[in-house]
Structures are given as C-alpha cells and as structure tokens.
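In order of appearance the chains are A, B, C and D, and numbering begins at 1 in each one.
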C-alpha cells in the first residue's frame, strides 16, 4: 500500500460536475447533508481512497464483514446537475495527511472535470439556534457575490479561527488551483447532531444547483433530536431540586 | 537500520499455514492465547521484525542481557495444522507505523503461503462477565458463516468503534489482499488480564483449526486472577465502613 | 503541492538588505513590530511560502474570500536601509517543520543577498513591566558588542530555556551559515498583546538600522491596551468583596 | 541541512576507545558523570551532531552568543584508556529520531574503532537511598559476568519497563552490530539531581576501565544537594503542625 492508495471503482462520464464534500465535523452538518443526498438519489461509487494518514482501523458492517477505513466518492445527479460526493467516517489524523489527502481529492475532482467545489460543515455558536443561518467563505469575490444572492451570509471575522481540516483545504488548495470553491457552514449549537442546520445548508445547495430534494426523512430526524433534547432538559429540571446548596458548593 | 528491518532466523516449509496474531491489548486476551500456544507446543522462531515505529527501547532478560524491542514470528504445528504465530510486547507507536508494519507482516505471511488470518484480541464490556462470548468480524461473508458455526457471535454495531491497531489492519489490509481474515475478540471486563476470555478464544480456534491443547496452565492462571479479584473485593468491603458519608461527599 | 511551496510574487533588486522576522509569539511583540513597519512604510509582497508543516487551514478575509495559511515576505525600505520582512499568522506545527521552513526562509534571504538577520520576539517576565528592556542573543561576539552599544541587554542565563521556534532557528541555522543573526526579545508580562514592548524593540531597530518611524499608531494601541487592563483590574476589585472567606476556602 | 548533519571538528587517532554516553535523564546521573570526566580531564571536541529530530532551539551562552542545539562527542584519555564521550542537553524528540540519531552515533563510534559502549543513566527508586547500587543490562552474557565482577548488580525484571531512549538504543542497536554494550544505571530517588548516584556509577567505570579521577568537586555538589534537601525537609516539618487533621482530609 502506498501512502495514499486510490481504488478506481467506476469511471462514469460526468457533465460539468460539482464536488460536494461532507465529512464528520461540527454538528455532523456536512455529513448529514451528503448522507441525505445519497439516501434520496441514486448514486454510483466511483473511488475509494485509502491512506496511512487515516486511522489504522476497520469498520464492521451489519453482516459482520469488516472494511478498512477509507474516503469514498460517489457520482449522482441532482435533477440536471452532475455531482461528485465525497464522504467518509474519518478525516486525516495529522496536518501533513490533511494536505496530501486533499490534494489527492482535488486530483480526482480534476479527472472528472470538476470546476466548482462545495465543502460543507457546521459552525458552532455555543447556544440554541432559532434561525439557521448559513455562513460562507469562497475562493473568489465573484463566487462570494453569487452565494450571497443564494442567501449565504458572509460576516467579517467569521468564522474567527478560519476553517480547518479537509473543508478548509479544499477551499484553500482548490482556490490556488483556480477552482471556484466555497465552504458553506450551517450554524449549529455545536452540542448535538443537527439535522436542522443540515437542512439550511441543503436549501442553499438547492438554490445554487437548481434541484429539489425531499426533506421529510431529515425532518423526522430533526424531530427525534428535539425529543432527545426535551428529555435531557426534563431530566435536568427534575434533578435540580435534589441537589442542595450544600452539595453544589463542592462542585467547582 | 531501515524503517522496518526483518531478520530472517529460519525458513521452514509450512503446509497451508494460518497466521495467528496476539499482541498486547484489552485484557491481554490475544497475547495470552498465543503465549499459551507457544508454551504448550514446540515452536521455531522464524522472523524478528525491528522498526523505528516500535518504541525506542530494550527489554532486559532474566540473565541481564538486553534485546531491542521487536515483533517475533514463530512456526508451530497444532496437531495437523501448520501455524505462523505473531507476537511481541509492543504495537507500532503511530498511525503510519501501524500501516507499514502490518503490510510487512502480510508480506511475511505471503512468503509462507498463509491464506487465513486469525487476529486475536479482547473487547471490553466494562462489567464482570459470566459467560465468555467471542465476538467476530471477518473479511468475507463466507468466513463469517463458517465462524458463526464455530460459535463466534456477530452482533450488529459491535464493536462500536470498529477495530483499531494491528488486529484491525490485518483484517482490513489482509482482506484487501484477498485473504480470509478474521478478528476474534474475547469479551472481557477490560480491567484485568483475563485468562478465561483467552480460553474462550482458544476454544473457537480449536474448533476452527481442529486441534486440542491442554488448558490446565491457563486455568491455573485464571484461578490466580480470581484470588486477586477476591482479595481486592475483600479489601474494599473492609474499607467501606471506615469511610463515613461525610468523607465520601468529597470524592467526586 | 510540495512539502514547502514557494510562490514568487516579485523579484525586486534590494541593496544589502537585512531580514526582519516577526511571527506570532509571546506578547505578540515580534508580529506587532513588523505589522507596524508594514503599516507605516510602503512595501511590496515578494514571496508566499506554503507548507504542509503549517496548519491545514484557511483564513477568511473581510470580503468573504479565503486564503491558505502561509508565511509572507515583503520588501520595504527604512529610510536608506532595504529590508526583507517575514511575517504570517502561524509557525510550523512540528519540530521537523521548524527546521525545514527556517532553512527555506534562509534560502530566500540568500537569494536577496541578506547578510544580517533580526529575529524579533518577546520574553515573558510574569509581572507588570515599568521599564521595557530588550534582551538579546546573537550569532557572534562582534554582533553582541554592536547590539549592546545600541542598548540591547545581554544577561547571563537569559532567556533560561534558550530560544525556540523560527526566531531561535533563524539565529542558530543562520549563524551556522555565517550570517550575522540576532534575536531581539522585548520584555513583556506575557499575559497580553504588548505594544509598549514592541516600541522598545523598534527603538533598537531604529538605532541599528538608522531610520525613523512614527510611533503614534502604536502608542494609540498601547493606550487601548492600558484601558483594557484598567477595566479588568476594576472588575476584579469590585468582585472581590462578594467572595467571602468561606467560598475561597474551596477554590484551591 | 540534512535530517542529521554531522560536523567534523577533529579526527584524532584513538587507541581501542570506548564510548561513554551521558545525556539528560533520571536524576541527571549519566550527564553528571560525563560532565565530571570532561571537567577533570583534558578533552578535545571531535563531532557536533545537529538534527531536525532535536528541539528547534538555540542555547544562549554567557557571552550572549547563541548556538543551535546539538549532541557533542569529545575525545579524552582516562589514564591509559582512550574514550569517546557523548553528551548534550537534549535527546531526540520522537521515536524515529531516537533510532536514527543512535544509528548515527554508532556510525561515528565505528569510525573511531569503538568496540565497547557504556551508556549511563539513573533508575528511579521513588525513595531516599542509603546505599547507592548500580544496576546493569548488557548485550552479552560475557559482558554481564565481567560487569558483575566490577560490582554491577543484575536483578531479575529490573528495570521493570526496560530501558528507553538513547541509552536503551545504544545497547539494543549496538548489540545488534556485535558491540559489547552495557547500560549502567545508578539508583536514585528520582526527585533530584543526584551526584552521589553519579559517583557510584563513576566507581564502576574506574574499575572497568582502570583509571582514577578526583571526586572532590562531585562530593561538593553532593553536599550542596544535601543542604537543599535538608532545607526542604525543615520547611516541611515547620509547616506540618499548621495543617490540622481537618484540612488534610481534603487533600486526596
């Protein structure tokens, strides 16, 4: 095995495809979006990317079979728009690995003729959210304008610490290659898997790529999460009176 | 010294050997199994694998001589079945090292004609165990079926986090090379060295490879562990009344 | 992208330039100095240095565009003295990266004919400072003498732990290349961004390189910091009486 | 600069030299021994070893000049015995660096015709020591016997965790190269720099290499340490009565 080992599974012809990336991250927003697209639309696995920069680990499937941790790329069509979807259960484990894997992803994107990249993620607010804004950053001012028209918010000094990991590098390294790249970040509390934030990001994608997708399964998942949150709040409010002032004095 | 330095000690002819791996891990289960096989059967050291991905360390023997940390492979025969046993005191120290060392092990296995791999380990349950189940994961559904017939349990979503380290990669990288590979994981509390869990895994191996081995030394060791556990419990129950409620309030 | 990727932006002729380095560090002293020079003087970007040893990250500008983390080198003239200024938002993430990036910086300095290096930083004192001394270390005793005449203090066994990171290596690796290199370290409490310490370092540079620069914006920033400090002190003195002796007993 | 960069300072002819290594470690025992030899005997610097596996750091001398962190090798003669002394302020920062630097040290030792290696260190006992034993481990049983005759103790299962770092690898990698190598470890509490432990190790070296060295400066240093220990104990005994039983209940 090489440092990065790309398994070619299929080589479909794609017409002016865009790359949509959704790996695990804050609120699982990016991964929820691409999982939803893969559930709702027919897709074809085109590449598996193995690397010694991914964790030394296998995942075990429901049938008891194990498979080496990898990043997968799928081809699918959103109404008229051909798409390459990049997903997986893990990101690179080290800084060098992030750079090298992202360059490998960009090479694959190049093979398929990708000119636009949508890297998806969440941005933590630290508090419960009423209105789910989608924040953005992009490689060019033209792309910033276009995304702003689709409802994406661009705020000075946000996100404060920049954008790290695969999403950040797809934007940074993609931009250096002359690609129109953006990172779309759904606002999320940051404490929980957040299907509502994923929905907000999906709505931006619908506008940008001119397609429609059924949201019902995502809405179901949002409701389930809400019930979980309610139960936690209930439990907390029931426990509170039990803890007397005396006990609490020793917590800090 | 190269990144990985393989010392060829012997090159016996083996007939359709299987590889059994037992390195230190949860409950020391895997290592206990292969140590037991090496104690009960005659074996021949065939390879030492040194690597800068192993800790920069020597072990000191009973006679005062020191030897560089390495992984060792032994050849032995279980009744009719030729076996290559892989063991050692340490695993790789980093993710890249795990990949590279496991590939080196698979290359050695390939030299000897290995077609089946049994990677052994423990899976922590967090509580004391009455019935020692052996959980499994395998590279192919055929192998899953065969192992299930031998009493191995395959449970959905277990182990939850997948399988990490050398065992996981022998399964994942071995599977990619077209080998029939499995990881057998004895349930163990996870708190102590667990000879009973090792015995449960050995019983599966006996069925799969059609051999018999005397368990008495392992049973002795299990009894010793039980005495240790009993003494700890005794000490705890004696100490308990001493600690008043007042004292306990400050522990958490 | 290579391990280190140098983008040539411009290649101006510089006359006997010196290299001034100011990366983030203690009290942000070094970075404040070079930021001030870049604000007050006209400058030309000459190199961008990208590297997989820098964090896998993009920064987002005020217009919503993102750019890959890099180190930048600017050319500017301080009255008569040509200068190469090295700055950025991050240092290398690992020890090997520090060595390799610093060697790349020294190669660039060599291309431009740099013979003197001023690496700038802060040295933490752990207490509020009345008189801002500038401590030094240099590659040769001749350079030590010259800097001492310019008011730099050289104290036995200070800084105690040596000098780490890019500043230390510019001095150590630069010295091995036969360059006159120094690290100038403004004393600073170490708790806050410290424009006064930066001013003390700038004054040494003015003497050494025979130029003048307006300090007013730096003085404004120092005043702002002072107001921040005063507010914090005020808040602390108001909160103090609320915490009774009883409460404080449990803090430690 | 290469990964490891060896500066040749001098190339004296040495007659059947031994290598004595003393880098920082437990109780500073190894470094104290070689520092003492370098103080008491005339020596000649023969090599400086720089490496990106050492910390990215310069040390600052009393005259204000800075020098890049490195490992140094000196040649000296102990009565009749030619010796190569290896010392420095730091060890490698990572596992791979430990292997590669130690191999570089062994290559240098080979150039000078070294056939015996004495790697020096301390072994922590966790309690104050009355009689300073010197524990050993060696590459061959012959060498073990010879060292035992010189008063070195070889105890089963000690040191429990093996020997890590440069000392361990000089023994392990040196042994694989067919060199007679030993690690001599002075028992030390492990809490403080321990000149008495260093003296015990020196006495073994005197016997093994048949030389004499004046111990007075080491004895002075031991007395200074004793005064420090006494002062600490005094301060503790004075504070003790202040802490009531009630207070102590909250420490654990």
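Here is the rule we use: a contact is a pair of C-beta atoms (placed from the backbone, for glycine too) under 8 Å apart; a residue touches a chain by one contact, two chains touch by 3 or more.
Chain by chain, the UniProt names read as follows: A, B, C, D = Proteasome assembly chaperone family protein.
Predicted model, so just to flag it, every value in this text is computed and none were measured.
Peer 1: Subunit D and subunit C are one sequence twice: same or different residues at the contact, by the over-half rule?
Peer 2: different
Peer 1: What's the distance between the Cα centroids of subunit C and subunit D, rounded to whole Å?
Peer 2: Measuring from centre to centre gives 37 Å for this pair.
Peer 1: Could you state the distance in Å from the CA-based centre of subunit A to that of subunit D?
Peer 2: Whole-Å distance between the two chain centres: 52.
Peer 1: Residues of subunit D that touch two or more other chains: which are they?
Peer 2: None at all.
Peer 1: What chain pairs are in touch here?
Peer 2: A-B, A-C, B-D, C-D
Peer 1: Show which residues of subunit D lie in contact with subunit B when the two form their complex.
Peer 2: Subunit D reaches subunit B through residues 92, 95-96, 98-100, 102-103, 136-141, 144, 148, 154, 156-159, 161-166, 168-169, 171-173, 175-176, 183, 249-250.
Peer 1: Going by the contact rule set out above, which residues of subunit C touch subunit A in the complex?
Peer 2: 1, 50, 52-60, 62-69, 93-94, 247, 250-251
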